[in-house]
């Protein structure tokens, strides 16, 4: 996080505490402020069609189930179908430590998990949506990094392709320099496609096997909107969740009023939605 | 809509209300102002040759009929051959909800509908016009997005091609980075052509089957200039519209005088002319 | 025409009227001012070799005869071998209406007509001149638009190639984005060449058949310098023009003195020299 | 000539007249000033090795003899081995009229003439020098224009390749747009090479046939440094020039003193050194 | 080092001396300041998982052992698993003299050493990590320089590929100019891959042979965090290090307090972490 | 030399004369100032390892012997292993006259001479060093000019490839325009490689034949550091130099003190270190 990000964060939290007349900023508020800044505000008031909700529920459940089934993927922390920023829903993962680097195994599992949303949608609803664009972008970018920067492809070997030009004079111009031939570009494309295709198959196998959990989790999401780690665990083990208290549910207007100081445990700073946790970027110092 | 767009909109509406001496801005005026800003002013006074009118009538009827025949296409709301801005005529569609994403089925149907204008022109008038440029551009752009960003091609798979460079320093330079080989470029081209060609055939089949409706709707457009959802429905079901009241028609000069505060139901804000409704663009946040 | 163009036009016309001591600007002056601004001033005083005059006469007659022989080409309005701006001579066409779009047929006929000048030069004088550069550029550009923007090639289909990048930030950078593969580029080149070659043959066939009219019109141009629609029609129908009145001709010095307020009917605003009439450009609004 | 060029010219002439104490600027001074500005000052004082002089003499004689032997080449006006600006020597040609265009025949002859210098050097001195760089550049540029802009290659046809992008906004960026495929680029290269190679052979044939004139003209140049049209004509017809008056020759210091107001007939404004006379550039207006 | 770097260095050292209340800047402080500026501050306080420590230990031991086994590689000076800046650990080498150039042998050994970290990780932990990105980048860059700038590939020969454009006007634009064909680019890629693959094999052979030393050095690093040249030598010769004095170890808090004026011999200015010592860059003067 | 260069030169010379308390600037000082500005200051004080000295001695002797053996190469004037600027040593050549152009023969000999350093290194020390980078760059650039600008390749012919774009507006943008196809690029690469490879063989043959002179000159350089034209001549003819006077040698400190006003004959202005003498660049005026 940059200094500006932090300042932004503090201001946002102060604002939230002022709105609910609290004398000081609580940790929960910091959490909410962080989510709001990085993911956009929750959009609870937004009217979402049932069909869209169902779509989102299966998509997010896909991510969560595939992620949970993989050894090297970060643990699933929370799933929600409350729209936030541009996303229709989000699956939150908890990175294992303040990591500086990632392994090939983690990369492959993360790609598989990222494709899990699209796979679930297709498997159950026989539908392909443009909403997977960010998953696809993230997966493609990660696989390209594996092949082109991290030497994780046996075929291409431990070679860096496409070095960045150094900063010239006052940093006006930085170009990504293509320092390889068309033939190498073809081999890179082939390798990227091979990896993505394999991981897609992997995600499909996992969800085909766990199709019942997929239905159960999607249903639970439609009922509760958000599932925490505990609830997710129950579902993954084939259990069922208790039906929601209707009375509490009818209090929704009040709950929403207080959503700024939401008493439910918010995500911890270590959490991040599915994707690449911010790695140290060696390019920046070169 | 940006803030500047909204300010623009309000000013335009205020101007319109001043011109017709109304004490306040009505909703109709807002509608007219919106159309004027986004589509350009109506050009009723423009002298259009009969041949050009006929051309436009068949072109727009083509869009409307193909769009109406497809399951996933947005419903047709209005068709007009009154020139507006640069367009000779327009077909308005009503998106189903405030959608954030679209499905592959919607994409394919939208492409088919977009090609419907050109197909109608060729089928009846054995003519290809440059007026289809915007339809062709829109369809090509949408198909490229399907193949290159949304992973909707089985052949290319769920891979993102051509990632945008991140914004550098003060946003001076953003380049579309071609991160794939010539061979991949060829496969993308082939896939795009395949989809466009198939959808063109689909549009052709629909209009060949509904050739009578096409003639009827073109005639109705030449007589009435604009058809609303109700009138379109009648024609699609094989019905005919009542002949226009000549007296009303002879009042046209007066009607035009008042066109700024047009009493006919204007399009609703949700409407949009054929094409892609404004989707959330995940690139913007990356 | 932009506002600046219009202001320019009015000033130029005012200047002309001041020079001939007329109390007000006549329509003829407006015409002359328009031609002067868009085509450059007439260069009557320029000494042109007889050989060059002959060359220009055959070149312009070639445009006029080919244009007149084609069904969809705009009607020929005037031909002249008086140099204007950079051009050695000009053939003026009259577009049929205030058109917003053009048909494939019009495009093909216009390309044929544009190549008529070069064909005439080669047919009679067995010579290829660099003066055809603008004709060749215009024809190439039009055919590329047909193939790449207007979907008028059966082979390439209704696909747009080479979309323009959207305007970024304050419009600093607009790049023509090559969004197709080398293989597609080859197909486009092949298709463009095929169309140009066919139209060249067509122009040749027309002029070979009308070789007598070509000689007659070139002779008439050498004698009279300018032919109006009526005179052109007589020649196209195989007639001959009356010999010029020598007396009038000897008055040339005086006539030139008054050329600013030339009493001969000038071209109308709808006229345009051979080439593409200004079409609505859908790119501008995207 | 631009306004700045003209101002420059007048100032330079005024300076020259001041230096020789003449009350007014003579036409000769204007001529000298023009040559000085466009070709650089004469460099009589420069010490040139005899070997270099011989080299230059054969090189320039090659241009002159090949140029004179060709039907469509402009007539040779003057040859000199006095260094001027960067050039070791110069051959001046006189264009036939104030031409706006050139023919394919003129182009081919001009290319042949331009290669005549290199051919002479190789034929007699068995040497290839970098001094031919400008000839080669000019010839290559002209042949490329023939093939790519003027439609003068039968094989490529009357198509324009590589259109210039239009000026955007305030003229910040103009790019030469490559609008053709690699395959077309190969055909263009092949055609350019074919034409250059043929013209090189043509120049060689001419000089092999006129080898005696070549030796004679080179000798005359070494003796007199400059040959005018009359002297060139004598040599081309196989004649010899009278030996130079030694007395006059010994006056050289004085002559040089007055070289600013040189009494020898200077080149006329129509003259231009070998190369392309300034043609009207249709790109400038597009 | 630039002037700014030096100023930076002095200021940093002054700051350090002020913090520990020393009257003057000692050499040790200069060393620490230098490391801090170029490698980033030590991050002793950072919590690192045992698994990550083990990973780093094997990685760095890999570099050190491979480097020590090679004749032309610079001598290993220090190995540490204390995170510094972005790096998880570092291996320091001591260049032999103030060298201006390097030999092909040194290049090959340096590449082998750089790949040693990745090889060790794979050999023992069967894992590929993104932490090798900088090693891979450095090795790729060095091999490309060998092939493209230093003529060290028999196959490509003593030719420079990809000359830099000269600085134009005020240095606004410097482009790396690709002055070779796709076929040459393929040969360069092939040659680079061949060299990298061979050196990878070499590193693997070395570490397979010295697998016991690898385990011993990794263990020693986990215990002591940093190994100096003497300790490294003992391990390389198959010896073992004395167990650490627990008492000293428990003083760590105090030791850390004084880390700014660390009494342990710091690296000398000639030291540099693994990679290319700063060579004279002939491009800079061209 | 630009005006700024000259001013720089005079200031530097004045400074030198002030330092040695001489009343005026001598020619020797001007020479030293010139070398200092263009080649960097001598770095006598620099500690150079014996191995590096030996390397440099063989490298420079290689240049000198190959250069002296070739008919068209400029005469060798001085060889030195005193580091200057970035170079470890230098060989100075004396161009024959104030030349404006060069011949193909000169180019080929100069390329051979430039490769002589690398060849000597390999032949005797079986070593390839990065120090040959400038030689390789210069040779590659010269051969590319031969093939692409000067028409000196029989295969490519007298065609210019890669014309520079003209300066646009205020000189903001000048791009090297690639105006040829990939196939032509391959032919250029092949031709460049062929010429370089042949010249490398030539240099090798010369040095294999003169291996004794190579050893003798390297030894002399190690003893004396600098050899003048006379000493070089003696060695080339198989002679030996008198052993150095030890006394004089022991005065080195004093000599160095006076090195600013060095009494030994310095290089003349016409001298230039190995490479391309500054040729008139026709691009500059285009």
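Letters A, B, C, D, E and F mark the chains in the order given here, with residues in each chain numbered from 1 onward.
Here is the rule we use: a residue touches a chain if its C-beta (ideal position, glycine included) is under 8 Å from a C-beta of that chain, and two chains touch if they have at least 3 such contacts.
For clarity, every value in this text was computed on a predicted model and none was experimentally measured.
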| item | value |
| --- | --- |
| Chain F and chain D - chains in contact with each | none |
| Chain E onto chain F, rotation angle from CA fit, given as a multiple of 5 degrees | 60 |
| Distance between chain centroids, defined by C-alpha means - chain A, chain E (Å) | 35 |
| Separation of chain C from chain E, taking each centre as the mean of its C-alpha atoms, in whole Å | 69 |
| Where chain A touches two or more other chains, by residue | 172-173, 182 |
| Chain contact graph, described as a line, ring, star, complete graph or other shape | ring |
| Chain order, ring traversed from chain A with chain B following | A, B, C, D, F, E |
| Chain A residues touching chain B - in the complex, by the definition given at the top | 46-47, 49, 52, 83, 85-86, 88, 115, 118, 127-137, 139-141, 144, 171-174, 176, 182, 185-186, 188-189, 192-193, 196-197, 200 |
| Residues of chain B defined as touching chain A within the complex | 96-105, 107, 145, 149-152, 157-161, 163, 165, 168-169, 172-173, 177, 179-184, 279-280, 282, 285-286 |
